[in-house]
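Chain lettering (A, B, C, D and E) follows the sequence in which the chains are written, and residue indices restart at 1 in each chain.
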Amino acid sequence: MHLEVNQLHKQFQTKRGLLTVLKNINLYVEEGEFVCAVGASGCGKSTLLRSIAGLDIPTAGNILVDGVRVTGPGCDRGMVFQSYTLYPWMSVMENVAFGLKLQGVPQAKRRQQAAYYLEVVGLSEFAKALPQELSGGMKQRVAIARALASKPKILLMDEPFGALDVQTKESMQQFLLEIWRTTNTTILMITHDVEEAIFLSQRIYVLSARPGTIKQELQIQLPNKSDPQIKRYHIFQKYKDQVMSLLTDGSMPVFCTEGESHSG
Amino acid sequence: MLSQTVFWRIAEEIPKKLAWTLMFLSIAIPILLWWVISNTGLIPSLFLPTPGEVWGAFQRLLASGDLQKDIAFSLFRVIAGFSLAAIVSIPLGTLMGTFPSIRALLEPIIGIVRYMPAPAFIPLLILYLGLGEIPKIMLIFIGTLFFNTLMVMDAVKFVPQHLLETTYTLGGQRKQVLLQVILPFILPNIIDACRVNMAASWNLVIVSELVAATEGLGRRISVAQRYLKTDEIFAGLIVIGLIGLGIDLLFRLLLRVSCKWAKD
Amino acid sequence: TPNQQTSTPQNPNTSVKTALISVGFSAWPGWFPWQVSQEEKLFETNKVNVDLKWFDGYLDSINALRAGQLNANTQTLNDTISSVAAGSDQVIVLINDNSTGNDKIIVREGINSIADLKGKKVAVEEGTVDHFLLLLGLQKAGLTQADIQFQPLETGAASAAFVAGQVDAVGVFAPFTTKALSRSGSKELFSSKDFPGAIPDHLVVTRKLINERPQDVQALINTWFATLDFIKASPDKAYEIMAKRAGVSVAEYKAYNSGTKIFSIEDNLQAFSPGKDMKSLSYAAEKISKFLVEAGLTKQAPNLQKVFDDRFVKAYAAKQKS
Amino acid sequence: MLSQTVFWRIAEEIPKKLAWTLMFLSIAIPILLWWVISNTGLIPSLFLPTPGEVWGAFQRLLASGDLQKDIAFSLFRVIAGFSLAAIVSIPLGTLMGTFPSIRALLEPIIGIVRYMPAPAFIPLLILYLGLGEIPKIMLIFIGTLFFNTLMVMDAVKFVPQHLLETTYTLGGQRKQVLLQVILPFILPNIIDACRVNMAASWNLVIVSELVAATEGLGRRISVAQRYLKTDEIFAGLIVIGLIGLGIDLLFRLLLRVSCKWAKD
Amino acid sequence: MHLEVNQLHKQFQTKRGLLTVLKNINLYVEEGEFVCAVGASGCGKSTLLRSIAGLDIPTAGNILVDGVRVTGPGCDRGMVFQSYTLYPWMSVMENVAFGLKLQGVPQAKRRQQAAYYLEVVGLSEFAKALPQELSGGMKQRVAIARALASKPKILLMDEPFGALDVQTKESMQQFLLEIWRTTNTTILMITHDVEEAIFLSQRIYVLSARPGTIKQELQIQLPNKSDPQIKRYHIFQKYKDQVMSLLTDGSMPVFCTEGESHSG
């Protein structure tokens, strides 16, 4: 697996004219890598991820997965959205197995695989429950299991833990790292939470405000991720300071009128 | 500070007992009013029969077996006409809601045709379909089709975009999205639309049975009108109302059983 | 709520000051003359204030009289009996005409006798004179409604269904007869001509009107005969008015004429007197009443004693003589 | 991978030009079909007049001034009946949706009565209201009232609970919540319900004009039916359809102008 | 102003029986204080705040505002919900002025006051905009201005910044502190974010998991809140450790199955 984004441009036609959202984006993700992208609200992170997923069509530039150009969505690029988009009428098991069903995998086999991924996310006993009976964190785990079950070449995640409370969020982060290690999946994740990005990823792309460009690429090397005290490490704080200052450009506005910056 | 209340609660549950009492009154008060007014003798029973007289007519019709036959025939026609309308309108409405192109192709003509009164089609139906059951059923079909199509079409609007996009990233093709995501999602709305429009079908029973019917509740009412048997008119109307209520409850049951995931 | 009371009389110049009488009429050759009365202002001449109401649907006019929304209406004997049987208090005060061929049973090619109707689809509007005529015909051939495939249809729809080949026979009245006969090979099997006196058409008023304003009823009857005189005196003008109301050409209209026998004052006097054949209204009424009960169309035979009131035609005749 | 398409786009906009072409075809194809079939002579013009014949009937009626009179009368009746129904059903539906107690009190009886066919009420309407405009208007009123009430009632379900609670904490009383929060919130839905049910009113125009009408489109059609003037039936229907379309567009305009905040 | 909660108990009737959500809650807020409450998801924080607002009725115990018992919602206790519940059909100005309108303040005066609070939240130039034109942070500020404009004795906030991105969130926190200082409002705020609680409040109540009880009351004394580096201070970290360990009870579950714990 090798994801490559070359000279990506994206403009939207709006009432007030053309809006350039992404400009000159070049990035790559290697097989088995865990990469995060951070950036201010409205800088085009979601647009970037959606373009990779094939849900948005770039204005210029191209996206290659293993050298093949992306023209539309496909099951080689699994996606986990911020909102838990489970199918409300399907049981947890059916949700996880749905990708396989779409690909025509026979019932018995897909049940078996879904059961495995439910095991991985620790929700085996909820296999028959409906999504509405689950808590937010559980729903998000089902969404991840569902994406994994289709065995995508790369897992794209758009702020998957944004709506969770602190406790759940931390346990989900631990859990995602576990999954990543166990299944050796390639992951590209977008987040607002700088600590999260540093904690999880091997490499971080920092995007500038709109029009989004890649401001900096950061290699993260932390000694021992499983240490719960890791966020106290000096090196962790140093990474955080570095990213934060890139994001805020040193200034921290108080009464900023954000304009139309919050959306997506 | 807001005062406390039980009766005037907004969007909160009221006690079960109060609810049942009110529902009982809902039926009891009109019957009582009817009983009082008709028994004062102010209005001749030719124009407003007493509940007793209507009950008498009801028993008379029941004893002669006419009522059972009328009910059977009308039920058959209404259900046949309605089912046909459902069979056409559910796929049609779903397609129109799903594909803007199909919507553009059909909405203008449906927008015009749906305003045309169904009774106007009687001579044409007789000319083309004769005098049997088919023209009667077709009349109900025409009168129900367009409302149901538009209501189903509107339901598709509420399918979250994310659900569709998730399906694409799981490898779903458009046809699968339509059949395995959109359709199950709007099923509760479809059942609800059918519940509402079943009443529209019943409203056409008199008009449809003007086409050479020799039995049926609608025909019973129009003959009773002809010979001023007001008691039979009332008996017929009440039977239709009660059948309607029964069908309504059946639809609600169906909704509950088949769409456990949907909130009522 | 009779809104008629509030509307202004058509002609403020005349000295008519009586309260408005609403009279309903509908499409039938024997009733179109009322249109002449209206347009030639014969109501005013006879000092009666009439709101003449045209009904596209004959049935609606019957309902309107029953509901007390009309003071008078033009209807057939069997409908009047049905109404009286249902409890409506109505009185026949004038006979306009007898149907002598304008009500027809029309059949398709290949049906040549009433007996041939057995098992065939016959469309007719339930409870109308044509239904009655059909049953009379069947009875004559020893058949009943059970022997045919009865198709209850509104008269217009019935003739349309016949033309479209959906039924084998149809019972209709003029002007629908013309349309029905346009089916190729179709012909008249029998008509009201074969049952003289069976289908009289008349003016019916509410008992209340007779009791409260007999002089207005008298004026109505006077107007009718004055209208007949006018038609005789200036037929061209009259036929033009009537044909327009009927929505047909004058030539077509004249064709219906033979199928309806407009009743003169003498015919009226004779019909109102008791007798032992269908020429007598009371005899015909008894027969029809019995018939309606047997056909299950009315619950019980009404008391026919008070349905006829011949004093107004008699008064007109007396005035004519003097 | 999902193939690209324009025509089969799901829940996405299609190009303006394609949309307009399809909408044009929507009207043009049926007219063309009609023209071809009626001109083959396979179906006698008594049963299916040609577009030319219908145009002729239309011009004839227009020249005599009858059509204008018919349109004026029918428009008046439908609008009067519909407006009355709206005036009653909007407050009624809002109250039923807002207060569970009022809903319990009225839903059972409305549930029964709404199934009763409006034409059955003709004799009673004549009896109580005479032969003037009032019974005709009342018939349309009865036939529209219940559908509109239920649709308005359903709209209240979508008022977010938080909006009500916010209002309480701002010191709002129940009456203020009803009039200043619920009512404005559901206004777009009310307009939409009215748009849908206006068609139901038009569907009653024939039945209502059976009540001793001497002019009106419904009466024109029923007279044309009696005398099998198929060209006039078609002309009448087309005029009704076009008027309907016009009213429909007016409602859409109203929605756009009065509820700028609502998404279409 | 003095808020006092005495021996508050709250139970909910659920399908599985009685669910005790709050138990033995005793707390107070003094005039001008800024108090935060933190606790695990589902421990009953929202229920507590809603009870104080008068939106939920306690099973036992009482709530006193200046010694007067709370029996329902009122404008003395302003509330800001997590979701931005603005009235979508009102302009920003009308939203802010709405509380005053409900209280019968004349138009001119309420415009003037609303303008003042719009100034305070830095949104004067958006007075005429509709809520849908604003970003998330701006909407939340309007909600705060609206609550402040009714001059409540106490401002209740239920996770007001939960859905905001990090940058916006930080600027909103700064902004809330400014408001608190300028207007001298009493504030009781609920949050998931421990850092937020420490940064903003003078006192913190830590709640235990369900049934929610007050586990600990913590006085926060930070030297200089306006220092952007404050979160790096040792004392800040000490507070954070203390609260975190109270919340997690020392253990940090990874594969926890949260049961029905995420709701509210």
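In this text, a residue touches a chain if its C-beta (ideal position, glycine included) is under 8 Å from a C-beta of that chain, and two chains touch if they have at least 3 such contacts.
Heads up on the chains, UniProt names are A, E = ABC transporter ATP-binding protein; B, D = ABC transporter permease.
Bear in mind the structure is a predicted one, so any value in this text is a computation, not a measurement.
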Given chain B (ABC transporter permease) and chain D (ABC transporter permease), the chains that contact each of them: A, C, E
Chain pair with the higher count of C-beta pairs in contact (D-E, B-E): D-E
Centre-of-Cα separation between chain C and chain A, whole angstrom: 85
For chain A paired with chain E, centre-to-centre distance based on mean C-alpha positions, whole Å: 30
Length of the line joining the C-alpha centres of chain A and chain B (ABC transporter permease), rounded to whole Å: 48
Residues of chain A engaged with two or more neighbouring chains: 54, 72-74
Two or more partner chains touched - positions in chain D (ABC transporter permease): 2, 47, 122-123, 127, 168, 172-173, 222, 225, 228
Where chain C touches two or more other chains, by residue: 63, 67, 154, 156-157, 160, 164
Touch relationships between chains, expressed as pairs: A-B, A-D, A-E, B-C, B-D, B-E, C-D, D-E
Sites on chain B (ABC transporter permease) touched by chain A in the complex: 160, 162-163, 165-173, 176, 180-181, 184-185, 187, 259-262
List of chain B (ABC transporter permease) residues in touch with chain D (ABC transporter permease) within their complex: 2, 5-14, 18-20, 22-23, 25-27, 30, 47, 98-101, 104-109, 111-120, 122-124, 127-128, 143, 146-147, 150-151, 156, 159, 161, 164, 168, 172-174, 177-178, 182, 196, 199-200, 202-207, 218, 221-222, 225, 228, 230, 233, 236-237, 240-245, 248
Residue ranges of chain E touching chain B (ABC transporter permease) (in the complex, touch as defined): 54, 70-74, 76
Residues of chain B (ABC transporter permease) that touch chain E when the two form their complex: 1-4
Residue ranges of chain E in contact with chain D (ABC transporter permease) within the complex: 53-55, 72-75, 77-79, 81, 83, 85, 87-89, 98-99, 101-103, 130-132, 146-147, 150, 156
